[in-house]
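A, B, C and D are the chain letters, set down in written order, and residue numbers restart from 1 in every chain.
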């Protein structure tokens, strides 16, 4: 979690150099969902995500250098430089794709789960998405199909209360997202998305239920995005969020919370050492990415 | 090989059976696939044979199920999705254009999407503006998609098998009125290429490049034209994306005259692409300006009487050929006009009695 | 109700003459919903519908001759012959359109309700649709918007258990349609759609709630289609519906039920006289339609 | 009248204000319309001025809200809907094509749909294949829609007002890189016609028919070409549907040479329709084969380095003109190549620093 935080901070910090020439949607503040869920998955399980996917990719075990190279538009990027931050993939680790059409990957993930069922595979498929997805019809079509066919899919909604600058109340009526998923016939739970232990426990339980043949499961986690929707800055000064809202969420920083839990359970952890390792890894990844070759023009034609 | 005559619909059904036998990753899904009408008979017996784990009806969720098929394809299945009307695919444009067409480009090896989408286009009795469109141009414009429109029973089978074997998303378009046509269809499992047009009639005077059902009208016209010693060359275009311009250009070098027939609207249709491509590459061979014969730029009307002027048929094809050749002999023109069908023109033939 | 039944029967009976050259989706067996709801509406209120719309058009006061002329493809048809059975309209009576893309008119009706709210009109908008609509994403988008903006719209779902030949269980998971509408934040009621009095009572109550500012209302009525999905015949022999299902619904014929209720409340009604009047009206409508002029070719160009 | 210089984005904003003042049935809805970024600044202050009952953010329901706007339009409102990217409109194709485009045709008087949809097309920094498409061809093919692509600040204002006053559904497409261009924009309320192209530069040697942002590159090329005594005629096409072929044909009569510039893919694009239309009607005037300069038939790549060969700019325009004129003087060709921008070509200018 700390590693993801530091990576995202490094992206933010170096974004102004204008060498990462693509929109970036950072996950700072929301790391616990990615980490808690992915820790409950097997290597064989599949993950899909949307525009805000760095944390999911990294938590699933995605290669850091390939991610940074992708942001730099290099041939060694995880999508060969054709995607940038908004389109990332790593088939080796079961990260089957993240793309930025809101809710676009939701049915695709359900389809991969359908295939798992038809192919008698024991893998499950996890799809990460935001609260905005509930406004897209295809989200509902996907829930309907998953429930109808009782597919091994774990729906994970990161409800951060905003879509870009628009708060949830301006987009959805006063009703619960997870209750709506339940009404579709998908078993649903909601709770604190900044408590990585809670997230992990709920995920493990949900995955057990999937393996028990209880069909698709839905988890709604409340969390908060600290930086601007897209880009490296803090934009709280724009006033689109309530005064104090950010501060109150920052007090409940998922990393601080987790460190507290670790201390309480007296797991020894030399944070300084960890930070050092992470920092070295990040510097190396950026250096490698910066020095890497750009994609060969024309090479990409074969893919269309 | 002796002739083995099947209808286009039967050819599609046979292709589906054989592809499913050949590869157990092939699955079929579509609204009505296992129902008593079986998509105009093209899926009869499929679920009985391959079971409910490979042959599916679907919820009315065109965009969602398209995305679901994309995911299933990424996971190694080879889904064949079916729409009773192409009009319903408009609901799925996001998954088709933003996702299916882009996946392999974005994510490279391991992200091939071997998805085939069958859709029925074109005229039916009283279907009207929301149930009788011919929307091939919308897909023809999109890099990452393949689009085919077989016009013979032979191709219907071979190209459907070819499409299922292909690793790209393929849009497979069947004109409603082609389902009844018949032709020689070998019984073996064969895949036809998804590229390339076919010259199906030789002639030196005019090149007719025809898409889908318009090929049938072209043949009717050509047979009469031959009685007038007018020999046209007919190209069954077969594939909309990628277009086979070479076959058209070769024919134009000989004839110098081009007539393009499409089942869709004129403006911005694929017929424009053919004319543009020919002009760019072979203007010097053109003896006169090319002509497009298409639907007028209007939504499809429902009333039977209105369909008569909306859909061009063999007599309009023949008239266009005569104009391209500057033939203004009134007797000949009258002969062309006499090709007009008698009776209602909102049905392919008198056997067609609705209600679909 | 009886009138609608007889009109639909006449369409079915004369369909084989092949002069009504368009697909027809008849409402026989489902008349009570159309009649019960429309009787609760004011003239000023607006109605939209889908492919199976004859009953809604007639119940709202649509002109019979113009409907039959439309089926015959005549210039005097309610849509000028450009629409046929699947596309009908009558602006004069507030029937603002029926078209056959499943769920296609649902957002359009919500939009008309939005306009009513923004224009401070007291009119409400009713949208009729089938159970199949719940599989279309746009249905959910429409419910979300209607609930968010608290629009004066009455959603009426005619749940006849089938979409073409496919039963509900093959398309939707085991959960209730009206509960799903409720989870969207739209107040919902479900019940017997063959009991016209019940339908009317629920509609009146729902309309009152709309006028009271309680926002959009949702009514789910169970009912059954007696004939084939599209066309004039009984197709029960195809075996796609459970044995006895049709018979049990026919025993609960909405018209017989209503006649029973009328008798019980001792309203005098000379059915024979009524039938005679209806029959005369129908014969005249068909005659007029058959003799009417076809649309002038080319005239319709002005509309595109 | 003295010049009054506004940016294209400001012109759109002014048009919206004036149209809303002029007619209280005009409402505006779109994801981000009232937010701090205000659709690239085009809706700044709108909600403050006209209130939350006329200016709306929207749920992420592109198809649903399009349908809702159709219904609102049928009820007499005049909705202006805004998409930050045209790619999102693919979700709304059903409501646009099956419904908005057909309503008036189907239901006649009383069913006019005065709906305007603004959408941003084209390049941005690192937007990639799902956020930088130019999908005008998909709408250009549909009877019942009007499609406009203004290229000047003057037209941006006048045509948006014209679109809002029009009783048809109008798709109003703004290239992302046009927002910053400036030009003379009168302060009064004026509506420009939604039909007709404009000759914006006279010349006798080559006709350049340019759509949207490509007009800017055409002008850059033309200025340099003039220094070489090569005078091109530039037509700002302005409208995609209905296309104004007459203006193109008139120019071709004079020049005999045609270059079409579009921001979209080549195959099946509107550039094909221009070439086809010119060939059909004026082949005898053509001195050589027409040329289309467009995107290659590939999804948009993200990496900055890949965008350089993907997007044609002024030097490719100039080179194409030289080829049309058979000019192979190496010095001149080198001059054309020198038009190439230095620095990154994934931004319109150095002021553009992301992240959007």
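In this section, contacts are C-beta pairs under 8 Å (C-beta built on N, C-alpha and C of every residue); 3 or more make two chains touch, one makes a residue touch a chain.
All of these numbers come straight from a predicted model, not from anything done at the bench.
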Name, by label, each chain that touches both members of the pair subunit A and subunit B.
C, D
Round to the nearest whole Å and give the separation of the Cα centres of subunit B and subunit C.
35
Separation of mean Cα positions, subunit D and subunit C [Å, integer]
42
Between subunit B and subunit D, centroid-to-centroid distance (C-alpha), Å:
32
Junction residues of subunit B - those touching two or more other chains:
59, 61, 63-64, 87, 91, 94, 98, 102, 105-106, 128-130, 143-144, 297-299
Where in subunit A do residues touch two or more of the other chains?
79, 82-83, 87, 99, 101, 104, 135-138, 141, 144, 148, 171-172, 300, 304
Chain adjacency by touch: line, ring, star, complete or other shape?
complete
Parts of subunit C lying in touch with subunit B, wherever the complex brings them together:
15-16, 18, 21-24, 73-74, 77, 79, 81-87, 99-104, 132-133, 135-138, 163-166, 170-172, 230-232, 235, 238-240, 294-295, 297-298, 300-301, 304
If you look only at subunit B, which of its residues touch subunit D in the complex?
63, 87, 90-91, 93-94, 97-98, 101-102, 105-106, 128-130, 137-138, 140-144, 241-243, 264-265, 267-273, 275-277, 279-281, 283, 286, 288-292, 297-299
State the interface residues of subunit A toward subunit B in the complex, per the touch definition above.
46, 48, 79-80, 82-83, 87, 89, 91, 96-97, 99, 101, 104, 106-116, 118-119, 125, 137-138, 141-142, 144-145, 148, 300, 303-304
Would you mind writing out the residues of subunit B in touch with subunit A in their complex?
27, 53-54, 59, 61, 63-77, 94-95, 98-99, 102-111, 143-144
Complex interface listing, subunit A residues touching subunit C
134-141, 144, 147-148, 171-175, 179-180, 182-185
